[in-house]
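Here come two complexes built around chain A, the first alongside chain B, the second alongside chain C.
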Partner chain A sequence: MADFIQLLVNGLAIGSVYALAAIGFVIVYSATGVVNFAAGQFVMFGTFAGVVTLINAQLPWSVAYGAALAIMALFGALFFITVYLPLRRGSIVTIIIGTVAVGIIMQNAALLSFGSWPFRLPSPLEDRVVNLGGAIISTHALGVVGVTTLMVAGLWVLFNRTSVGIGMRAVAQDLQAAKLMGLKVNRLLALSWVLAAVLAGVAGLMLGPMWFADVNMGDPIALKAFAATIIGGFGSLPGAIVGGLFVGLSEVLGASYVSSAYKDLISFGIMILFLLVRPQGVFGEKIQDRG
Partner chain B sequence: MRAPLAIAAAILVLGGLIASVLPEYYLRLFNLSAISAVAVIGLNFAFGYAGLISLGHAAFVGMGAYGLAILTTAWGWSPWLAMPAAIATTAALAALIGYPLLRLRGHYLALATLGLNVSFYIVTSNWIGLTGGTNGIARIPELAIGSLALSGEHRFLCVALVTLAVVAALAAMLHASRHGREMMAVRDDEIASEMIGIDVTRVKITAFVLSAICAAVAGCLFALHVRFVAPEDFTYAHSITYLAMLIVGGEGTIVGAILGAILLTFLPEWLRFLGTAYLLFFGLLMLCILVFLPTGLVGLGRRMRPRSRKTAPSTSVGVPEMTS
Partner chain C sequence: MGFTRKDFLGSMIAATMLSLTGAAHGQQAEPVLIGATVPMTGPLSLTGKQYQNSLTMAEEDINKAGGINGRPIKIVFEDTQASNGTAVNAFVKLAQETKPSFFFLSSYSTQNLAVAPELKKVQVPAMYAGGADAVADGGNEWMFRIRPADSVSAEGMVKAAVDVIKAKKPGILYIQNDFGQGGAQTAAKRLEAAGIPVVGMEAYGQNDKDFSAQLLSLRSKGADTILIFNYPQDGALVLRQAKVLGFKMPLVTSSAALVPAALQLLSPADLEGVWGVTDAFMDASVGGRMKDYVERFKAKFGIDPDPYGLAYYDGAFLMAEGMRKVGTDAKALREWLAAVNGWQGIGHVYSYDAKGNGVRDLAVVKAKAGTKTLELVQPVTLN
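Entry: the complex of A and B
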């Protein structure tokens, strides 16, 4: 039982990170229709923004986290201008290859600036653990679950109670109508990229102490975020959360109860199963892309 | 009938001419680009003709390569027998996978095939009894006619070029045929195609299986050329490279598929002076081609032709196709 609780918390912690990455992916997809294959590299950038502010600049952690997220916000805006705007008229495959190319650029820019050695990103909660009924649980894992809950609550307020968030939803629903209503569509589209980058930044900062800060960490995260999005439902925020937690739990529980070699096959197998049987996912709306 | 023959002849003559002036080391890259070109022409069936976005093409290349490797090393078959068996197995698997998967479109199909490719990697690197795990399978026998071994870059090039020429000619024939037009009709408007009596599912699966067959041929050639297969050679990153070759060369065209395969195989070599910054530059180049040259290298050639030929009213809005 103690083992199970420990695995459960670890699964929820890693699942929370996947969920945040998936939420960023979903926000961008709903607003702009772009499937961002560089989503994993966004998270990697988040981790390395933490490396810059926490390790290189030696800032106190509250300042460092703020600075790292500011860097990510700036990066999101830059991405909107230099990648999204030129590519947005392209076909689906142009956008897929385009964002993959951007992912390659990001990964190798990080490799050139930081080298291939992994960094150890510290956690503000350090390495403290708590004993919960015999289960040894790191406070960082608990903190990750807590921060994700707060972020999700914040996003709910943003999208349901603020005019900016409601505007973003309007753009996602019908861009032309939103334009006709006098919304500043471009500004709202830019904001969704910024928000996605900041969410990826939070995910990256939380992931750093759990894994190592490694320039190759983007791809596995992206694949998990895709699986989470499909399972939860393309374009659905609650779906991204449920899907992320599911993928994290299936990874951790599957690794210890089924087979560590095939742990990833569980989430991808279920993802493919969902695509075949219920492509709209758990929460998604009816989709058009199915014959 | 003239265009397919012309393409096949052009590949053999130009390929032979280029090969005769290339130094030994580049010959190896030239072989690899011919092999990739076979795979990319296959991808063109699925994507260029039928509009199916597949990010799992490398998995089918891998199935062909592993099929040949297992049959020749573990079962002791001759490569000549193992090759058709591996190709047929891959085709059967593609039909089996394609039947449920091809109901999906666009992003969904892309992500599903991506998941397929990732699953292929996980299985090949963990099913150690069959695939040797991450160590792969070595000591694949060489191809031979009687006592004449088709090893070494020069002799292998003959095999690769002949295969490429045959595949390209068949692709050109398909493009001009009723079946090819059906595929393009499905790509351009699925509902309209259904209206005029095209069996959309059958056409899509045909395109998918044809693309897998070419992939398996490329995989067999790869296994016989490198004589070693490992999961790292068939990751989803390779699928994306195949798609990139097609887009850079010019989607929907056979010449574009070949040009893209050659360019993206040689590019790392030409950019070697950049050292570790190579991939960064590669990404930038890809992005620039997508933004500034959306019809690829073939489109560039077409754009440079005299404008007078463009004045004829054109009703086609689909992807341009090589006709000369």
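Entry: the complex of A and C
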């Protein structure tokens, strides 16, 4: 039982990170119709924003985290202006190749700036653990689950209780109608990219102490976040959360109770099963044509 | 003063002589080209950068010492990244464009296995540090290994588990590739032969970041010691996660988890209860060539050297000695290397067997309590 609790918390912590990356995926896709293939590199940039503020600049925790997320917000805005706006009238293939190319550029920029050696990003909760009935639980893992819960609650408030969030949903549903209604569409689209970048930043900052900060960390995250959105339902926020947690848990529990050699096969196998049997995912959002 | 026909002819003769002398001098100084395929970018670059550095240092040192009978060597590097395809392309590019007299290949066995058929076509001797037994078993007579084979390392880890730790119920965790699978299977066979069968074997993928399931599974199977076959970054992560999961049992890691690239990610607490084998115990305090190498490497590159890089440094000097004695003819050099017996490098004593394995010694080490400084537990030499 103790081992199961340990595995459960670990799976939830990893799943939370996948969920945040998947939410960023979904927000951008819903608003702009673009599948952001640089999403993994967004998370990697978030981790390295933490390296800059926490390790290089040696800022106190709260300031460092705030500064790292501000960097990510700025990065999201820059991405919107320099990548999305020039590409948005291109074909689907152009946009896909564009985001893939930008992801590669981001990875190489990080490699040139930080080198290939990973960094040990500290956690504000350090290496503390709690003992729950014999299960040794990392406080950082608990913190990750807690922060993700708060982020999801914050997003719910944003999208359901604020005019900005409701505007973003309106743009996602029908861009032309939103324009006719006088909404500042470009500003709301930019905000989607900023929000996706900030969510990736949060995921990256939480992931750094668990995985080390590594310029190659983006690809596996993007793959898992992609699987999460397929399983949960492309375009669905609850789907991204459920999908992320499902992938994280299936990875950890599958490795333990089925086979560690086939743990990726389990989550990706389920993803393929969904694509074959229920392509709209658990939450049934219809897959759109764009992106 | 006029410029006579005699003066003109004299100056022409002088100019011709000068140009001929220059050409002869230039030919004498023409470098011996060496090709090196190294993972300089991507996830394998953690150790790749180390042996690129050590080969660069070896190139300078060999040239300062007069090169190959007056000719300098020039090492041309190509990046293998983390892919077999890129490794093959890098090798073919060097073979076709640079046409080197000698190759240094990646220390990653999967890349060595991919490149081996191409090397056989080119027929130029090469040194490599990949540990998988499958590489040497492939029977490519042009390949010479410059570090212990995985079976040797695995045997060293078994010795640490059985002789030092007195394990009764060992478990094995391994990275799922040629290196990890080969090492794990060898260790399991050796343990079984010693009357101590493993209680469980768990694997993980090269890009995996969470090992809690595998670690907990081995603990639930009753493992009292875990042998870990890993690369630097995943090795460091495994050791950290084992501590976070509250593991108290001894852990025995393969050499990559204790190279500087991995140690910089660990705290002294992460290394409590951790034993490991390293290819060579790199202790500057022993003095001599080891001290010189360790101190100069650190001064030049700003990081501690690791045993993989040292193997390539030794290999470059072994190659240079062969070239000085028999020249750069590929077949003659291959024959010379195959006959090397008891050549004293800095990290190892090199003697080549019929499969091109040159190293049979390594060291069991452990971090001094409360520090990340490794100390020698026992040297291991295997026949």
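One rule holds for everything that comes next: the second predicted complex is superposed on the first by the 285 of 291 C-alpha atoms of A that agree within 3 Å, B and C clash if a C-alpha of one lies under 4 Å from a C-alpha of the other, contacts with A are read in each partner's own complex, and residues count from 1 in each chain.
In this section, contacts are C-beta pairs under 8 Å (C-beta built on N, C-alpha and C of every residue); 3 or more make two chains touch, one makes a residue touch a chain.
Being a predicted model, the structure only gives us computed values, none of them experimental.
Chemist: With both complexes superposed on chain A, which partner does A:234 reach: first (chain B), second (chain C), both or neither?
Modeler: After superposition on chain A, A:234 lies in contact with chain B alone.
Chemist: In the superposed arrangement, which partner chain does A:156 touch: chain B (first), chain C (second), both, or neither?
Modeler: Neither: A:156 stays clear of chain B and chain C.
Chemist: First (chain B), second (chain C), both or neither: which does A:111 touch?
Modeler: The answer is both, since A:111 touches chain B and chain C.
Chemist: For A:94, using the defined touch cut-off, is the partner it touches chain B, chain C, both, or neither? Pick first, second, both or neither.
Modeler: In the superposition, A:94 contacts chain B only.
Chemist: Of chain B and chain C, which one touches more residues of chain A?
Modeler: Between chain B and chain C, B touches the greater number of residues in chain A.
Chemist: Once the structures are superposed on A, label A:264 by its partner contacts, choosing first (chain B), second (chain C), both or neither.
Modeler: both
Chemist: Touch test for A:136: chain B only (first), chain C only (second), both, or neither?
Modeler: second
Chemist: Answer with first, second, both or neither: which of chain B and chain C does A:3 touch in the superposed model?
Modeler: Only chain C; A:3 stays clear of chain B.
Chemist: Please report the chain A residues shared by its interface with chain B and its interface with chain C.
Modeler: Overlap of chain B and chain C footprints on chain A: residues 111, 261, 264.
Chemist: Would you mind writing out the residues of chain A in touch with chain B in their complex?
Modeler: 35, 83, 86-87, 90, 92-94, 96-98, 100-105, 107-109, 111-112, 223, 226-227, 230, 234, 261-262, 264-265, 268-269, 271-272, 275-276, 279, 287, 289-291
Chemist: Enumerate the contact residues on chain C facing chain A in the complex.
Modeler: The touching residues are 41-43, 45-46, 49, 176, 202-205, 207-210, 212-214, 216-217, 219-220, 233, 236-237, 243-246, 261, 264-267, 269.
Chemist: Write out the stretch or stretches of chain A touching chain C in their complex.
Modeler: Where chain A meets chain C, its residues are 3, 6-7, 10, 14, 111, 116-120, 127, 129, 136, 138, 210-212, 214, 216-217, 219-220, 251-256, 260-261, 263-264.
Chemist: For the complex, which residues does chain B have touching chain A?
Modeler: Answer in residue numbers: 47, 53, 55, 100-101, 103-112, 114-116, 118-119, 122-123, 126, 190, 200-201, 240, 243-244, 247, 251, 276-277, 279-280, 282-284, 286-287, 290-291, 294.
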